[in-house]
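Below is one structure, written out as structure tokens, with a few remarks after it.
Chain nomenclature is as follows: A, B, C, D, E and F, assigned in order of appearance, with residue numbering initiated at 1 for each chain independently.
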Amino acid sequence: MATELETGLPSVRQLQMLIRDKQEVEIKLMTSDVITGKVQWQDVYCVCLSDLENQSIVIWRHAIAYLKPKT
Amino acid sequence: MATELETGLPSVRQLQMLIRDKQEVEIKLMTSDVITGKVQWQDVYCVCLSDLENQSIVIWRHAIAYLKPKT
Amino acid sequence: MATELETGLPSVRQLQMLIRDKQEVEIKLMTSDVITGKVQWQDVYCVCLSDLENQSIVIWRHAIAYLKPKT
Amino acid sequence: MATELETGLPSVRQLQMLIRDKQEVEIKLMTSDVITGKVQWQDVYCVCLSDLENQSIVIWRHAIAYLKPKT
Amino acid sequence: MATELETGLPSVRQLQMLIRDKQEVEIKLMTSDVITGKVQWQDVYCVCLSDLENQSIVIWRHAIAYLKPKT
Amino acid sequence: MATELETGLPSVRQLQMLIRDKQEVEIKLMTSDVITGKVQWQDVYCVCLSDLENQSIVIWRHAIAYLKPKT
């Protein structure tokens, strides 16, 4: 895996927009946990959310099943 | 993993046809969730569905068990 | 992962034979689902079955636990 | 992943010895299934067992948790 | 996967800061176990925690769902 | 994945020390099984334990969640 994010990819850009817009998201994990928060940053291995109490949660990409905007 | 989609591969072309035809599909995830919707885009990491309420769901490929047209 | 199938590998050839012989197979998934059907095609990412109602199911290789001929 | 087996690796050689000795083995899968049989062949993606009824089962390596000789 | 850690990546740096600050963390695993402790070291394959009894636990990265500071 | 072990990595060295010291370990698998024994060898794909009855168990690295010394 390249260690630089391919910023041209739709999935990478979608995450960048969610960071910029401070959009609340729901991430469903392979463990079936659902984590809600705002995306702080992404790199090739991880996506970092800050939850409602402003706590940072570093999520490994391999553990993510899906992501959707919180409605 | 190459970061460009190999458009010659049957699995990539099948998804491209489902996008073009706005065909409703069912995706079974490794978490055992089933997500129903129309495929909006794909890249090397993700497949994006829009569900019945037109909400976008970004699904990581590693989380997909199978996909079939909704009947 | 190379995006061309290594047709010299036993696992790839076994699948090619199952396609040619229209042999019915059982595929056990990591989700514990069992899918029965005939193999239509394979590429480096997926294996496609057609089930008893002739519906196509695209299965990601990472989701396959094992495959055996249906008896 | 190289598509040729590194025959110098202990794990590859152990499997080759099990094939040669027709040793019965137990393979525990990530699905928690246990499959018992004799190893027929291995390649970079799969390990093939023949079970007690001489049926071939192609197991993907990513689905294997562990392997031990049947006692 | 490169066998040297990319120290420029946010996820790698976050772990390095947690090591330096001896911050207690919670790691949720793909098995749904939660492990609590201080991060001792990281390499490309593993993250090592020392738990409350000062015991070392070597965790494989592929088994990590998420990590957050213990509150 | 390189097929030679990077002996400079902490996780590889830790395993080498456990082999040398014949230290009893506990390995928790992604299946939630716990296997106890002494580490016999490691290669890039597998870690081999010998259990209390001196039986060899070849464990695939992708199936390991964590390892800790048995106390």
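Everything that follows uses one rule, which is that contacts are C-beta pairs under 8 Å (C-beta built on N, C-alpha and C of every residue); 3 or more make two chains touch, one makes a residue touch a chain.
Since the structure is predicted, the reported quantities are computational estimates derived from the model, not experimental observations.
Visitor: Which chains make contact with subunit B and with subunit D at once?
Guide: C
Visitor: How many angstrom between the C-alpha centroids of subunit B and subunit A?
Guide: 19
Visitor: Measuring from the mean C-alpha position of subunit D to the mean C-alpha position of subunit E, what distance in angstrom results?
Guide: It comes to 32 Å between the two C-alpha centres.
Visitor: Out of subunit A, which residues touch more than one other chain, so two or more?
Guide: Each of 1, 29-30, 62 in subunit A touches at least two other chains.
Visitor: Chain contact graph: line, ring, star, complete or other?
Guide: ring
Visitor: Beginning with subunit A and continuing through subunit B, what order do the ring chains follow?
Guide: Beginning with subunit A, then subunit B, the ring reads A, B, C, D, F, E.
Visitor: Please give the residue numbers of subunit F that touch subunit D in the complex, ascending.
Guide: 1, 3, 29-31, 33, 35, 41, 43-46, 48, 55-60, 62-63
Visitor: How about subunit F: which of its residues touch subunit E in the complex?
Guide: Listed in rising order, the residues are 1-2, 6, 9-12, 14, 28-30, 32, 61-62, 64-69, 71.
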